[in-house]
Structure formats: structure tokens, C-alpha cells
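In the two complexes below, chain A is the common chain; its partner is chain B in one and chain C in the other.
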Partner chain A sequence: MGDAQLKISETEQGGFTILHLDGDIDAHTSPVLKDAIDKVLTRKKINIIFDFAKLNYISSAGIGILNASLNTIKGQKGKMGIAGANKTVHDTLEVMYFSRKVGIFPTIGEAVKIL
Partner chain B sequence: MIIPGRLEELSEVRSKIQLFTTGFFDEITVNRIVLSVDEAVSNIIRHGYGGTCGDITLELKRDPQSISITLTDNAPPFNPLSVESPDPETHFDDGKSGGLGIDFFRRMMNAHYERTSSGENRLILSKEIPHENK
Partner chain C sequence: MMETKLKVPAALAQEYITTVRLLAQSGKGAFTRYLYDPLQNAGWINDSTGQGARRQMERIDIEAKDPSFLHTIAPKCKRVIMCAMEESLPVLGESVIFFFNKMQVHTKISSSPEAVQFIDILHNPFKSFQTHTAEKSGSLFKEAISRIDDRALQSALEPVKLGTSADKVKLDSEIKRLYDNIFLASKYNNIPKCRRLLSNYIIRYSDDEEYAKDNVDKLVEAMNKRNQGFADGLKEAIAIELNYRITQGVLNGDVAAAVRGIRKYGYIFEGNSDTKFFYEIDKLERILYQMITEKKMWDILK
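And then the complex of A and B:
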């Protein structure tokens, strides 16, 4: 079966950096997420949308990193959102209370429009 | 089955739990059970063994009424059920990143902790199978 994998690519849309996540976020792969976010956080203006369309799974390790990012981004007057979460990932975000803190949108387009 | 105490093994653990529960619970509940075990195992590896070598024994049982998942480890004594639950209203604002995993499996599963006679930590997570899936 092998280790869980997480691949992250980056695009830009409507003034937002879009981080496209492909795979699983758990305690093993969460450093990959942290590294990708840290690169974006060095920039002057920080608006990030996380594209979850190809994210299969997230655990509290990932949510912890997203929360730390959210606090940093808010501190720098930036915006952050999540788009395209599947049913089970969306449930995890809700049950772990994170949906109270960050906007979760069906698509990247809607996230860009509303944030 | 024996799980080496390495984070790389989490994916394999999830696959086993997914296989064990599919067909007896709906998709959301299967994921919640998978995540509960992931969180418990991650906690043992990161905080229990803390980077040292250690194995975790995983036992899966199912009867017509319920499932149970037992995790046994030789890390220093630790009862995850004694940890205070985070306050959802303030947890994230406090900048905290930990504590969610234990809280999650305590809410999603029936959890029982004991120290075995040979000094191991044993966590038993169980859940009743819905009537329509029995």
C-alpha cells in the first residue's frame, strides 16, 4: 500500500494564491502542507484558498496547521478559505469545529468572489 | 496485528480500518471511525513513543451488535481519556493546534482505557452497528 502521499501545486486566481492539495493530510504528510504554506507566508500580500477537490482525507494534524496559518494570515490582514471539500473531509472540518473559523466554499470561483 | 510505531504506517492503518468497517456503517461514519483510530495511533507514536522505537498492537473484533478496535502499546503510562477536552469556542483562537484528536475519538467512539497487568497502555474504541446494517 505504501505511505500516504500529499502533493501540492500552486496557481493564482483573482488576487488569491490557490494551493491545490492532492492526497491525504495526516501526521506523516502534514509537514508537506506546512512547507507549502510557509513559502506563501513569506510574501507581502497573503490571500490563500486551499483547493480540496483532490484531498481524500484530513486529520487534526492538518487542521492544526491550517489554524496556525489562519491566525498568521488574519494577523497580516489577509484572507483564507477552503474550496471543494468532499463529503467526508467537510464532515471532519465540521466535527473538529474548524468550519466555524474558516469559510468553506463549493468552488474556488465562489471562494474568490465571496472572500 | 503489529503496527511499527512510525507515522508512515498511518495510511496502512486507515486502509485496514476502512476495510473492517465498510458495509456496516455509512460513509461518513466509516471515515469518523478511521479518523478516530488514526488520531489515537498518531498520539501514541508522537507523544507516547516520542520518536523512540515502539510497536502498537491492533486488534479488530466484530460481532452482530458492535465493533471494537483495541490499541496496545508499551509507551510510558498515559490515559488519553484523562485529558481535558478543548473548548470549541476558544480552542482555535488560543492558537492551539493539539488536543483535537483525542477529543475527536472520545466523542465519536465509546472509549475505554486500562493498564494491562504487564504494564501496557490499552485503549479500546467501540461502536454499535446500526440496526439496519446488522
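And then the complex of A and C:
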């Protein structure tokens, strides 16, 4: 689908950088995600929570990028989590076995508290 | 029109082999339209040598072992194909694949005028076929997946699980065997074989929980030091092979194979948009998830 869009904004909470994702992550929008993560990591911010509350769709292209970021973050002794995913996105993460690698939380607050 | 090439890249030869295979699966009409007719129009027909194409290929295989014969292989492959055009479509397919395989092994063959001309003839028809397949694959996939049994789809999505110690031992021995085979192939500078060995291994095991990624990366790095461009060629080879498996799955209605290919592609290339077939495969993935949602299958897939 060529019309997919992804908007990303950034906030800080409890020592974590929160990336709020709004839209779809597929082959066309995944570079936007990669850029956003790279920018955060360049600033040596290695504790990241992805807010998926407004994310409608994620493909393996997006999961691939998240997986690569997770490896980088782990390598730098940082922390990463996902919060607020809707059922379909949550299901996709589970079926792709990504939920075994990263903590998935109902809310940002819980993610900050537990991570 | 394709830009004039001085040499046929190994990845292109490999990609065209998969195209010929897909053409064969698409039926006589497609095979004739996209392969036979272009060759006939280019005058690659009507050579009478008195020997059948298959017998000539056996002879070439023997001669190819002698470096002094290398410069004769490409003209002979052309003659085989011209001969096969008269014999039958299956023999034509075999002889075309034979020539593409030979191009991947010897630079003298891939840079021969015959090889370059051959690619020039087939470039546009093959591109048309690929476009045609890509356009209809979405609807074919959707149709096939709506018919599939839920359990079959579930098994297609499950990665290789190596839960038992026996399985882990097997994987350990596989990586050792891979090392040995690559060492042997690289000793004889058989780069296509090294690429094939690694490609098969990565496709088979990359979504495995015990996949020895670091070891594989080291091997690829070592090969890349010896042969510049090896790593890129390997990635391309993997993408071509997975795209072939996915397209084949779609064309044959084998949704399980298509889904497995999509998942492996996702794991291996980790969202790298520079990867070959990245957007085509992503499109199919969206259709797949849509179907899973419509069939309310998420829960049984977990």
C-alpha cells in the first residue's frame, strides 16, 4: 500500500525516551522509523520505549528494524520496551516472535515502572 | 533497452534461472511467449549439429573441466540452445538454465559475446513476465490464502524450533559441515559454490532460535575479504531465492511456502529497504495479515 504514513514524535519520561508512533510501519514508512531511532541513539539515549497506541499496522520490515535496534541497545546496556499496542499489532509481534525478545506493556507508565 | 553489459553478473544469471523455472510453471503459453519467441526472433534457432542438446550439454560439462576449453563453452552453449529450440520446450528450459549456470562459474563465459547477447535478448521479455507476475500475484495470493486450511497456515508461520539437545547438536554439526564445505570450495576458488552453501544455510536456519549468526557473519566477512562484493552478492542471492520461493508458492497455490518465505525474508533482511524485492514482498505481507485478521486466526497462530 503506497499511501501508508507514519508520524513520530518524541517525549521524555522517567529516564526513558518515548517515541510515539502514529500510522503504519511497512516497507514505505520503515525508513522513517529507522531515522527516528538513529537520531535518538546518536544522542546516546539508550533507554527507549515505543508508544504503539496509535500504530495501526506493523510488517516484518518494521519488526526487522526494531530487532536491529534492540541488538544495538542491548550492546550498549540500554533498555527497550513497547507500550500500548492494539490487538492486531500485538498479535503480529507475537506471531513474529518479537514479543519474546522485548517487553510489551499495556501503558507507557507501566513500561517505565517495570523496565 | 538494457545498457550494454561487458559481463553478465552472477546474481542476474541466478535471477534468470528462477525466472525460467517460474515460466515453466506458468505453462506452455508463457514459456513460448517470454522465452521461445524472443530467441526465435533473435535468430537463435535452426542449427543442425547432428547431436541432441542433452548430449551436447554432457560433453560441455566434461570439457568445462579443462581450462583450455573455457573460451569454447559460450559458443557451444549457444549452439545447444539453438538445437534445443528445435527439440522441445523442456529441453530448451534445461539448456537455457545450463548456460546461466555456466555463466556463474567462469568469467570467460559470463563475459563472452554470446552470454551478453543472450541476456540482451531475454532482458525485456523477462522483465515483462516479472511485472505481469507481480501484478497478478497479489490477487492469486489472496485467493489461495482464503482457501487454505487454518492449521496449514499455522504451521507455515512457525519457525524452526530446536527444543531438544539432539536438534541443537544437529545444528552444531551443520555449521561445522558448512565451514568444511566452504573451506573446500574456497580452496578451489569456487565462489558460486561458497555463495550457494551460505545462502542455503542462512535461509534454512536464520529464523532458528539457535542460529549461529556471529559465526555466519564471520564466515561472510572472511569471504568478503578474499572476494570483494561477496557479501552483497550473497544478500542478492538470498533475496532472489526467497522471492522465487514466494512467487512459486503463490503461482502453485502453496500458501504455506509463500508465507514461510515472507517470514524468512523479514528475519534475514531486518527491514533493509535496499534489499531486492523489498517492496514486492511487503505488499504480499500486508495481504497476508489482512487475511489472518479476516479469518480471525491471530489467536490460533500464537
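Just so it is clear, the second predicted complex is superposed on the first by the 112 of 115 C-alpha atoms of A that agree within 3 Å, B and C clash if a C-alpha of one lies under 4 Å from a C-alpha of the other, contacts with A are read in each partner's own complex, and residues count from 1 in each chain.
As a convention for this text, a residue touches a chain if its C-beta (ideal position, glycine included) is under 8 Å from a C-beta of that chain, and two chains touch if they have at least 3 such contacts.
The shown structure was predicted, so the numbers you read here are calculated from the model rather than taken from an experiment.
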Following superposition onto chain A, is the placement of chain B relative to chain C best described as a clash or a fit?
-> clash
Is A:34 contacted by the first partner chain B, the second partner chain C, both or neither?
-> second
For A:97, select first, second, both or neither according to whether it touches chain B, chain C, the two together, or no partner.
-> both
Partner chain(s) touched by A:76 [first = chain B, second = chain C, both, neither] = neither
First (chain B), second (chain C), both or neither: which does A:88 touch?
-> both
Have a look at where A:63 lands relative to chain B and chain C in the superposition and call it first, second, both or neither.
-> both
For A:107, decide between first (touching chain B), second (touching chain C), both and neither.
-> neither
Report for A:26: first if it touches chain B alone, second if chain C alone, otherwise both or neither.
-> both
Which of the two partners, first being chain B and second being chain C, lies in contact with A:13: first, second, both, or neither?
-> neither
Could you name the one stretch of chain C listed in 60-68, 150-158 or 186-194 that collides with chain B in the superposition?
-> 150-158
Looking at chain A, which of its residues have contacts with both chain B and chain C?
-> 1, 26-28, 57, 59-61, 63-65, 67-68, 87-88, 91-92, 95-97
Which chain A residues qualify as touching chain B in the complex?
-> 1-4, 24, 26-28, 57, 59-61, 63-65, 67-68, 70-71, 87-88, 91-92, 95-98, 100-101
Along chain A, where are the residues that touch chain C in the complex?
-> 1, 26-28, 30-31, 34, 57, 59-65, 67-68, 87-88, 91-92, 94-97
Could you please specify the touching residues of chain B with respect to chain A in the complex?
-> 7-8, 10-12, 14-15, 27-28, 31-32, 34-35, 38-39, 42, 45-46, 88, 91-92, 95, 97-98, 100-101, 104, 107-108
Chain C to chain A touching residues, read off their complex | 157, 159, 262-263, 265-267, 269-273, 278-279, 281-283, 285-286, 289, 292-293, 298-299, 301-302
